[in-house]
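Each of the next two complexes has chain A plus one more chain, namely chain B in the first and chain C in the second.
On to the complex of A and B.
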């Protein structure tokens, strides 16, 4: 049983870094500056190296953790999300006086949970990983304890998240009751045996699991918590949870629905169709009317969840590859945008209204250019990564016969360009207000993260072939 | 059979006393007695694991939580706008709601006892004893067991972070 522990090494590296961060905090004098963030980055780099070494090995540990290429690809995205979030956090943590050690420890624990969720092949383990990451993210959302908005956001997120976890657990219990196992492979075999006439209990179980996942990826109608949580959390945390949680949840979602529950596709396809369409439409339409840039990006991230659901529904090879590619581009771009918002915030002013961005171009041309780039990529403009990602999703949908869904997707993308462009127009064409944004000097680590993010967004847009190949190789190993 | 009637009587009587109390703390303590009687019934049903879990989780953890909440709220007596001499159960709100629930329960009980047991949608359940659970927990499910410890660690860090007193106010931004 203990003959192979290799599949859990990436997750163990991150967990070790988290515990190291906690221990470091215990030995830290009250106002001492200690490089706890960089310590976490070291652990994440260790995880990245082990992920690289595990590539193409198909290692399995405990019959529950599978380091197949699919899981490893998502793990890479998650490690990148972790490193960039920590880099973007450093100025914010200092400015807000957040508890240094706990902040990074929780971020690393959440990353460990996400990695585990991406690699778990047992429903029980998926649930535990989901809880590890959710608990850490609930606390990170409310980490600004003196802010009423943050407390409200954390409370809302926690209560609704606890409900969603209960749904998910019910789903697991009923699945176990019907199929006699929590192992995804065995569940798949048991379901395939009775796929002609699935019992109502099995459909009930599937519905419960779907609700749990839909909540975590904030699909309509389970998206209510998203704008509040994203607005209340410190911006780097928002970037972290809007990308990391979504990537981990979609990885598990794909594993459960495209592998174990694939024989029941006829039963869930229509529901996912409706949810995907509703998610794209609601995310876009409500996003148009937002005046806070954080809420606008929250609705934009809901809409992006809809596009990912389209790729999941398509379910063909192109669609599965598109999920991975889309997750990568979306994660990097959204992180960049929220990192930048974090830098623009100041202690005196939240600076989170779109009107606050008026004339940013004159004050900080580089920040404005990067922000414009991230927003255009989110909107799906060439030559940025977002364009290629959306292109693949829609091609996959059309190939799988979901033409109407692809049309809804293209239309909502066009509408979403309106609200992304509104910010760009604000930055470049509107004269600055009387009190323009003044960003103090940007720490080197955050500047480096911004540059890395921008380079990756451009790279994914101009030369997507290499990453597309990796994504294709990833889905080849399973399903 | 004597044991069954003993535990059943204990469970029914203590449950009735739970709702007949004026002081919430007595109610909570009586609820523990009711849970203890229930776990005795589980033992008679040859489900020792459920019995132990009943004691540990309900009588142990959850009731302690209840007691804490009752004591934190500092409400030894129920505050009410009604005349104190009217018993809580006789007040209009609880009376209607409780009566509806009682009727519902009685109908369910009659229906369950009169109709034949339906064929289970689930397959035959494996025999579950403490030994098998313990063995599975530390072999097949050893890794999830360890991950649970990680989960508890995260929960502890989070709880301490949320609950601890501010020792350096003024260092934070005011927003």
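On to the complex of A and C.
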């Protein structure tokens, strides 16, 4: 009888770790140091093992959670994001004096929500998972309560996020009203069975769902919260939400639009085309004018959302595989970059201006080299993962007949190289300022996480075939 | 006897009032209330569709939405309090540390 529960084991592991973290916090004496972060990593490793065992089994729980290979692949990305974020958080939590238990518990609850969102096959469950992860991330954004900027960022993120989820829910209500089900498979069947002209109500529902997803993946014109939230949050949290939230939202986005709403492709393709183009262009062009490295990376992540939309729009086998591969590469690279920013920050100085990185090469050659590597990968330089990921996306777009979109994509990524290179020029060719960055000793766990991210970025760039095969094997299960 | 369409129009009106309130009101608490109106408009839609489809599912879904709305209000008000401690104001126009 417990077979029916197997699909929810990964999120159960993560949730158990989160509850354990909260309990530990309750019993923790003030100032007592407890290994709550490592506890969370143990839970995430448990989830990774269960995900591994579920591979190729197509387990289903309650007709709502499907552990198909697509969901499991995204779950792996999310678990990796969770582990690396916890590792990068430890020095920041200590430095800022953040509440240990709450911080890690929220991060784990958010991860559980993300995993649920990646595996949910029911619109209502997608909504609940979206709220579980969003509520945790709103609080994480404003967890530095003594900082006015952080609280303000949390407020803006919260208001726009809650606003967007109301739209999303309205879309669910109409989809349910028209098709009589919230189950994605049944919705797809009901839409396919309808006559040639879809009802206006259904189109309205689809538009609302699209708005909700576009907010979560910060697609233009729903991207306004992104730079503010990313700037105000502590850097490891920014890394966490810029990768985890995006991966989970794109997983659900793909499921809803490429599975349930696939029969209506003719209606949504043009809108997604325009949004993808606008997202790539705005993300890149505005990114060029930023002076804060966090805001710059925020716009860069908006632009990356645009490339993912291109892959989603292409929707052929290559495109679907490219979504997964791109998510994996982008998640690891961006986490590494934000983790490094978190290490460079100090209590007295935010060190988040690009000019603060002047001469970093002389003080900390290793940090500068890793940062350069992450930025080059984000910009799409070989031999790093970002190059292969973009290559697949553009090939998929051309194959699907979206040549112009691929051209816009290539042009914007050329422009984006400008702002990535600006930081590298700053680090290597500009003499250090009078008060150069002094990074205190880096804890072993964060150093290990940096090395792991760097190795994965290189691995994905040099030997992408294995991961690409897994990605291709994953998409066969749902579409 | 009002028809399904009447309920849908009413909920669409409520949703529009809520959405308009989010942009037009200049007080954070009122903005939170506007978001609540939007969610409750959606609840009305669910119940109306449930009635039209002849199932109780719509009313069950509403319980989920209400739970989520309560959790959201708790987090939202907590953030408002934290923000008020810094700024002594609830007017969103005074929050200018970050460019919008």
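To be clear about the criterion, the second predicted complex is superposed on the first by the 475 of 479 C-alpha atoms of A that agree within 3 Å, B and C clash if a C-alpha of one lies under 4 Å from a C-alpha of the other, contacts with A are read in each partner's own complex, and residues count from 1 in each chain.
The working rule: a contact is a pair of C-beta atoms (placed from the backbone, for glycine too) under 8 Å apart; a residue touches a chain by one contact, two chains touch by 3 or more.
Note that this is a predicted model, so its numbers are computed, not measured.
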| Regarding the shared-chain residue A:200, is it in contact with chain B (first), chain C (second), both, or neither? | first
| task | Kindly classify A:155 by the partners it touches after superposition: chain B alone (first), chain C alone (second), both, or neither? | result | second
| said: Let me test your reading of the model: by the given contact rule, A:112 touches which partner, first (chain B), second (chain C), both or neither? | reply: first
| Partner chain in contact with A:166 - chain B first, chain C second, else both or neither | second
| field | Which superposed partner A:124 touches (first chain B, second chain C, both, neither) | value | both
| message | Under the stated touch criterion, which partner chain does A:96 make contact with: chain B (first), chain C (second), both, or neither? | response | first
| request: Give one of first, second, both or neither to describe whether A:387 is in contact with chain B, with chain C, with both, or with none. | output: neither
| task | Quick one: classify A:65 as touching chain B (first), chain C (second), both or neither. | result | first
| said: Is A:261 touching anything from chain B or chain C once the two structures are fitted on A? First, second, both or neither. | reply: neither
| task | Could you let me know whether more residues of chain A are touched by chain B or by chain C? | result | B
| query | For chain A, what residues appear in both contact lists, the one with chain B and the one with chain C? | reply | 124, 128, 131, 135, 138-139, 142, 145, 177, 180
| query | Which of the residues in chain B come into contact with chain A in the complex? | reply | 121-123, 139-144, 147-148, 150-151, 153-155, 157-158, 160-162, 166-168, 171-175
| remark: In the complex, chain A touches chain B at residues 1, 8, 15, 22, 30-31, 61-65, 95-97, 99, 102, 105-106, 109, 112-113, 116, 122, 124-125, 128-129, 131-132, 135-136, 138-139, 142-147, 177-178, 180, 199-201, 347, 350
| task | Could you pull out which chain A residues touch chain C in their complex? | result | 124, 127-128, 131, 135, 138-139, 142, 145, 148-149, 151-156, 158-159, 162-163, 165-166, 169-170, 173-174, 176-177, 180, 182, 224, 227-228, 231-232
| task | Within their complex, state which residues of chain C touch chain A. | result | 15, 18-19, 22, 28, 31, 35, 38-39, 41-42, 45-46, 48-49, 52-53, 57-58, 61, 64-65, 68, 71-72, 75-76, 78-80, 82-83, 86-87, 95, 97-100
